[in-house]
Amino acid sequence: MTDFSRYTVSIDYDRRLYKQDVAGSIAHAKMLAKQDIISQDDAAQITQGLKAIEKEIELSSFPWDPALEDLHMNIESRLHQIIGAAAGRLHTARSRNDQVAVDLRLYTKETIKEIAKGLRGVQQALVGLAFRYQTVVMPGYTHLQRAQPVLFPHHMLAYFEMFQRDIGRFQDCYQRTDVMPLGSGALAGVAYQTDREFLAAELGFSRISANSMDAVSDRDFVVEFLAAASVCMMHFSRMSEELILWSTGEFGFIRLSDEFTTGSSIMPQKRNPDFAELARGKTGRVYGDLLGMLTTLKGLPLTYNRDMQEDKEGFFDAADTLSTTLNVFQEMLPGLKLNEERVSSLAGESQMLATDMADYLVAKGMPFREAHGIMRELSRHCDERNISLNDLPVAEYKKLSDLFEQDVYDITAESSAAARDNPGGTAPVRVAAALEEAKRIMEAAPDGF
Amino acid sequence: MTDFSRYTVSIDYDRRLYKQDVAGSIAHAKMLAKQDIISQDDAAQITQGLKAIEKEIELSSFPWDPALEDLHMNIESRLHQIIGAAAGRLHTARSRNDQVAVDLRLYTKETIKEIAKGLRGVQQALVGLAFRYQTVVMPGYTHLQRAQPVLFPHHMLAYFEMFQRDIGRFQDCYQRTDVMPLGSGALAGVAYQTDREFLAAELGFSRISANSMDAVSDRDFVVEFLAAASVCMMHFSRMSEELILWSTGEFGFIRLSDEFTTGSSIMPQKRNPDFAELARGKTGRVYGDLLGMLTTLKGLPLTYNRDMQEDKEGFFDAADTLSTTLNVFQEMLPGLKLNEERVSSLAGESQMLATDMADYLVAKGMPFREAHGIMRELSRHCDERNISLNDLPVAEYKKLSDLFEQDVYDITAESSAAARDNPGGTAPVRVAAALEEAKRIMEAAPDGF
Amino acid sequence: MTDFSRYTVSIDYDRRLYKQDVAGSIAHAKMLAKQDIISQDDAAQITQGLKAIEKEIELSSFPWDPALEDLHMNIESRLHQIIGAAAGRLHTARSRNDQVAVDLRLYTKETIKEIAKGLRGVQQALVGLAFRYQTVVMPGYTHLQRAQPVLFPHHMLAYFEMFQRDIGRFQDCYQRTDVMPLGSGALAGVAYQTDREFLAAELGFSRISANSMDAVSDRDFVVEFLAAASVCMMHFSRMSEELILWSTGEFGFIRLSDEFTTGSSIMPQKRNPDFAELARGKTGRVYGDLLGMLTTLKGLPLTYNRDMQEDKEGFFDAADTLSTTLNVFQEMLPGLKLNEERVSSLAGESQMLATDMADYLVAKGMPFREAHGIMRELSRHCDERNISLNDLPVAEYKKLSDLFEQDVYDITAESSAAARDNPGGTAPVRVAAALEEAKRIMEAAPDGF
Amino acid sequence: MTDFSRYTVSIDYDRRLYKQDVAGSIAHAKMLAKQDIISQDDAAQITQGLKAIEKEIELSSFPWDPALEDLHMNIESRLHQIIGAAAGRLHTARSRNDQVAVDLRLYTKETIKEIAKGLRGVQQALVGLAFRYQTVVMPGYTHLQRAQPVLFPHHMLAYFEMFQRDIGRFQDCYQRTDVMPLGSGALAGVAYQTDREFLAAELGFSRISANSMDAVSDRDFVVEFLAAASVCMMHFSRMSEELILWSTGEFGFIRLSDEFTTGSSIMPQKRNPDFAELARGKTGRVYGDLLGMLTTLKGLPLTYNRDMQEDKEGFFDAADTLSTTLNVFQEMLPGLKLNEERVSSLAGESQMLATDMADYLVAKGMPFREAHGIMRELSRHCDERNISLNDLPVAEYKKLSDLFEQDVYDITAESSAAARDNPGGTAPVRVAAALEEAKRIMEAAPDGF
């Protein structure tokens, strides 16, 4: 095969759809027989032949031929070899355009279910960590500057929420993927009395497509999958960034298990968080897959154009990347060891309690803006002298406001966290409730569907 | 203001959120008073002051000050000028982080509703065209090669389906946007007994956020909006491509009204389909907005980082672009004149009936693959002699198969279309049903929600 | 190997760099011996061992082991098996960080040269077509509306120019890739008296990197390659769009050879321009590869991070895609048959001569804007009556201006083209000169370098 | 003006090109007169009129009219008002297609020069910091794990190199932008004896375009600019990430001046590195501008299509973003205070010297791989006991190899850095030489050109 003739060949990657293609063809043959378009005997032969082919593929004995370009022609040709003339009747009332659409939709549906399950697994791991370190207070950050104390499980649950939205997006994508396109023919429908609802039922679709031209043109579900995958990878990139930061000598918050760090070919002391780095890095390729598909579809006239063959590789790449990432995090997170002493001690640094001290003044009647101004001044004062707010004698506090009393020293990381006692806040009682809710959500749909 | 200090200024674009900001602050003040965190009197003053500010902004008399950088500080500062010290109490139990989140969510919700309405308008226009030319048969294309005759309304309804999915995506995005973040404070919740459910009810949200750290970090709804907008613009780019093609001298299918074509500064004869070209071109900027936002969020540690200020301009740009595009198409489509004669005559070209002739042989018992081979040979034969299938004498047909009879000439564009009589097919009866269904869908939710 | 451990494995794709890796290691061993860091004997063993490994790989007998993760460890481990302890000395004064950088730069340099050669091949094909149809006049378009007559070779040379700029961009990228990073170690340089200039000379680099931290962090050359490839694919997407349009029944300008069109599984008459469609579609994946790489690099701290392992797959994908596209077009273009009659006849449609008629009035003293207005009116008049300008009697012309005389009918497509007799214009004499210049450029550097 | 008619209006942003448009028109008028296409008197009037218009625009007294849609029509129309009929002759031998191309190229050339100057400014700031802290040793990182000691100026010079490449890319882009398109007319050239070389000389272009169809279709220079800007912003995103990390309490390496940090509306203690965060965040929008433009151009047939109006906003946005970022960093970097004590003390942590200790063994004859293994074991041993390598008694070292002697304790951060004494390495003498070279480069071309 010359180089240029390989341009059109898709068998290297579309063979991945073989199960879906066989299932689609068997359902089609059944329907044709049911509608008396082909004989029961032909249908039986076709079904048997296709099942034999499926087995050959599973056993790697199928004679793939790149000259036949794609999965569909490979299977069709092999079917001819096995069952002879009857094979020719399978293509009645069907086009490669609706065939490839049904294959890809079936595959996407399965992929979404697996991903939802993987997301549940990651959520499980997060909740596991949250329970393990349920009472640990750590510094919370904004702008990567220490901001206010938060509970470690509260931080984990923030990621739980993100992945919960991801599941929602994949479910919505599933609904729009769950549409049966067979019967659309090349573009205009088919000139046979087919039963499309029967096909949908056979193949597990909840409804049939409403317009044949749209059905063979539509790859929205692929783009939507890629968009959901991109947002999800973005979430992993954020978590990875934190795992990487927390693993630095400077932060020293966590230790990942050896299995998920690697050494250096030259520096003997290294324990690099390579898996987290790779997850962060692979975010780029998934964004790229999304953009690639959007670009490919831009400006295409209806209906099918060969450009659309490009709907698979980027999609598979993104699905594989996300799916493996889900596996990695399910395995990696449980092995994370939190340095409780380190994070607790940083959480107790009194600079981070400045907001609580301002709130303390507000509780005594001062408007917040004024209290904020006073604490800003005290913070700067400490900052310059390189001491912490706790080190200031009460007299220094009183210089700026008479409202300060000895009880200002009662403000601690723990009291700060406990004070944030609102739905969604970091108070231990709220976090405990949130953890219960998380468990409830997971138990209600263990596989995310 | 020096150039570098302008780097952080967002007032040029975030002022667009003023209504939402005022509404959020009024609700917050009410809640604070209800919870006895501030006095009823303070709340009343704050509310009055904010309403005055809203009016000033609407009347363009508000003294915007770029030195105050953003919308929130401009309003807060002005409130101080108007009502004095009480203004300072408004910021109790609130941070700019949850404030900006609530503003943007309110704005996004409104924007989505407007877009859904605009999409309905475009659907209306498509259905209008479909009814106007309900019986016209035109060539259907795959690979931009004439493929099979289709009804013009069938083609219009393909676009109806695309926009219907777009509405669905925007609705799903709406659900995930419809979450009230106030009360999350800077990141950890707030140290006051606030009533978040009250705030949600006041502001028309259906639920409150579950985790404060997530609530101030989350911009998924913006990305999801941009992804839905990108798919929608992709649909418009496809429709635009077709309008442009159909307007060429070579196709000659349609004539857009003068209002939506432009002349040339140099070539007197030109009628360029500039609006369609611009819609196709603007697809790029919306994709760019999506990728910009995804890139910005990649790898950000929790919770709020200033990078996230970049969540607005691209979002506004995409929303404006899509919204104007919707307006353009609602106006432009009704003025489209179809050259019925031209499309009908092309639809009747017998080459396009080759599939039907193959089906004709299948109906007489030949396997489809064989029939396809015969018609391929006949097509090539005609192609080389530059004649059409209809021009062949029946004897020529019979050379290739005895199954051909005189009735092969009964196959026409109309019979071809009528034969595709399955749900989703292009048969007139099916198209009529689809049109009724489209009307039903639109009537059930005239504004798309 | 568990699924998660495969996350870090790159051997499936980085084995492609084996030649470069072996070459780099041999040069490194030579240098170490020259500098007395290792013995001559060790260097000789290493060199022999590496050459044996190279041969094994070429003969597909090399025992690839995914557990060793990457190319470098596979080769290093095999070298140990072959030559024993001396293998351990090869990694002296070198890190995987500078090793992978040198491999990728060597590979990129070679790839660029191949691509430049392929671009020359496409230019050759364009020039071939231009000579074959040197005198054919066709319609030129703006906004896909017929605008002014142009020579077919002029149109071909527009693409010649685009590809000429592409070659320039790849050459510039080559200059910035042509920098030898070995000796940078992990990030800080190496603690041995190496000779980096010797390494550069051995490996054919024109200079050495100036800063070790930058040298192991820098993937600009990959991004730059991807940007150049994206622009180049954009050019092919434009040419493909035209080939697709020109192949439609409606335009009917060209016929691609059978080898580069495909039929349909259902519609017997089809000749689809699949290769051009695929080239247009594949533009998306190359854009995606560019965005992916840019995203991956965004926000990475210095120096090497594992995210950067993602520098290869997208790069290889883009290089392969572009390279195959170049092959396809080199083969496909020469088989293009222009329908000279069709394009000439359309070029002669007098509407397209309206500009020339305006120029005719200008030549007789009328300001251009006024002449343009008159011709606009005449064009509309013809448009409405569905006639062409040539069909108007001279009296009609004179109604709008007395300057019109009988010689207005002398304006033809040919006279129009001939009148554009400026450098870069479409006059036959200018096009002939441009063709000579194109030949000169190609002869001066037949391989584009 | 209705909403839809605004779709085509570009005057809000293309007015930015007014200087270029006026200059282009004056040159064109001069050329027309020189060639006797218009009279000297007309040319003089046109020139005077245009100069008056330029002044009006500068004084903000120009009567912009959105109904005239774009800059060119606004100026043309105003010229009519000022000088009457002669204005009509300016558009002779010119089209808006070549006019807009020349404007944008002139503007791009100027923009590139400004950006190169800004990049030089940032390099100057980096070199300034490098000299200020020339001898400070700090930890160098790979995978964000401490790796080997490096000199602070070495780290700064890594960024110098990146920006040096950026300058190179912008220069290359400049070369391909520096091509004069006037005389290409709408697409085919013009039917007048113009002097294109004269125009090039007048407008400061170094050459004229070679093909009129390409000249009005080509926006490669915009894409190339955006690609160069994207790489440059990627560099700033990396530097910003480091500034943000270094500003954390955990790293504590630097303090940015107050001017470049901001406080919090709620947390009084905050000093957030907002400018660095914004630079990192704005990287997304520039990537988005690049991909938007690439998408817009994908699949456009020749020559000009209205989609190309989208070439400006994204370009201006990217240019402004980059240009302001350059200003910010030029101002911000000099105010950076390095915590010398902190970085030096971390650099001295003996874990980071493990590579040097392995090299120590190699110097005594051990193969590197073996030495690496021994140091790996010692590092883990220390890691587990939470001590540093320096704390180990020599006896412990000897347990693993007899080659260890008392002098292993002589290995320090300083000795480690000094040992990397190769071109590009971090040894003080090499860094000093690199600093001199950096100065030389800057002095040779102070404005980057």
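Order of writing sets the chain letters: A, B, C and D. Residues in each chain are counted from 1.
Rule of thumb we're sticking to: contacts are C-beta pairs under 8 Å (C-beta built on N, C-alpha and C of every residue); 3 or more make two chains touch, one makes a residue touch a chain.
None of these values were measured; they are calculated from a predicted model.
Asker: Could you quickly compare A-C and A-D and let me know which has more C-beta contacts?
Answerer: A-C
Asker: Chain B-chain D contact: same residues or different, taking over half shared as same?
Answerer: Same; most numbers are used by both chain B and chain D.
Asker: Chain C to chain D: how many Å between their CA centres?
Answerer: Going by mean C-alpha positions, chain C sits 24 Å from chain D.
Asker: How many Å are there between the centre of chain A and the centre of chain C, using C-alpha atoms for each centre?
Answerer: Between these chains, centre-to-centre, one finds 34 Å.
Asker: How far is the middle of chain A from the middle of chain D, if each middle is the mean of its Cα atoms, in Å?
Answerer: Chain centres of chain A and chain D, defined by C-alpha means, are spaced 33 Å apart.
Asker: Going through chain A residue by residue, note those that touch at least 2 other chains and give them in order.
Answerer: 91, 97, 142-144, 147-148, 185-186, 245, 264-267, 272, 274, 277, 280, 283-284, 287, 290-291, 294-295, 297-299, 305-306, 355
Asker: What residues of chain D sit close enough to touch chain B in their complex?
Answerer: By the definition above, chain D touches chain B via 2-8, 72, 91, 94-97, 185-186, 259-260, 262, 264-267, 272, 274-275, 277-278, 280-298, 305-310, 313-314, 324-325, 327-328, 331-332.
Asker: If you look only at chain B, which of its residues touch chain C in the complex?
Answerer: Those residues of chain B that touch chain C are 142-148, 244-245, 247-252, 263-274, 277, 291, 294-295, 298-299, 346, 349, 351-352, 354-355, 357-358, 372-376, 378-379, 383.
Asker: Touching residues of chain B toward chain A in the complex: what are they?
Answerer: Per the stated touch rule, the residues are 85-89, 91-92, 97, 140-144, 147-150, 154-155, 157-162, 165, 168-169, 172, 175-176, 183-194, 196-197, 208-218, 220, 223-224, 227, 230-231, 234, 237-238, 240-242, 245, 280, 283-284, 287, 291, 294-295, 297-306, 355-356, 359, 362, 367-370, 416-417, 419-427, 430, 434, 437.
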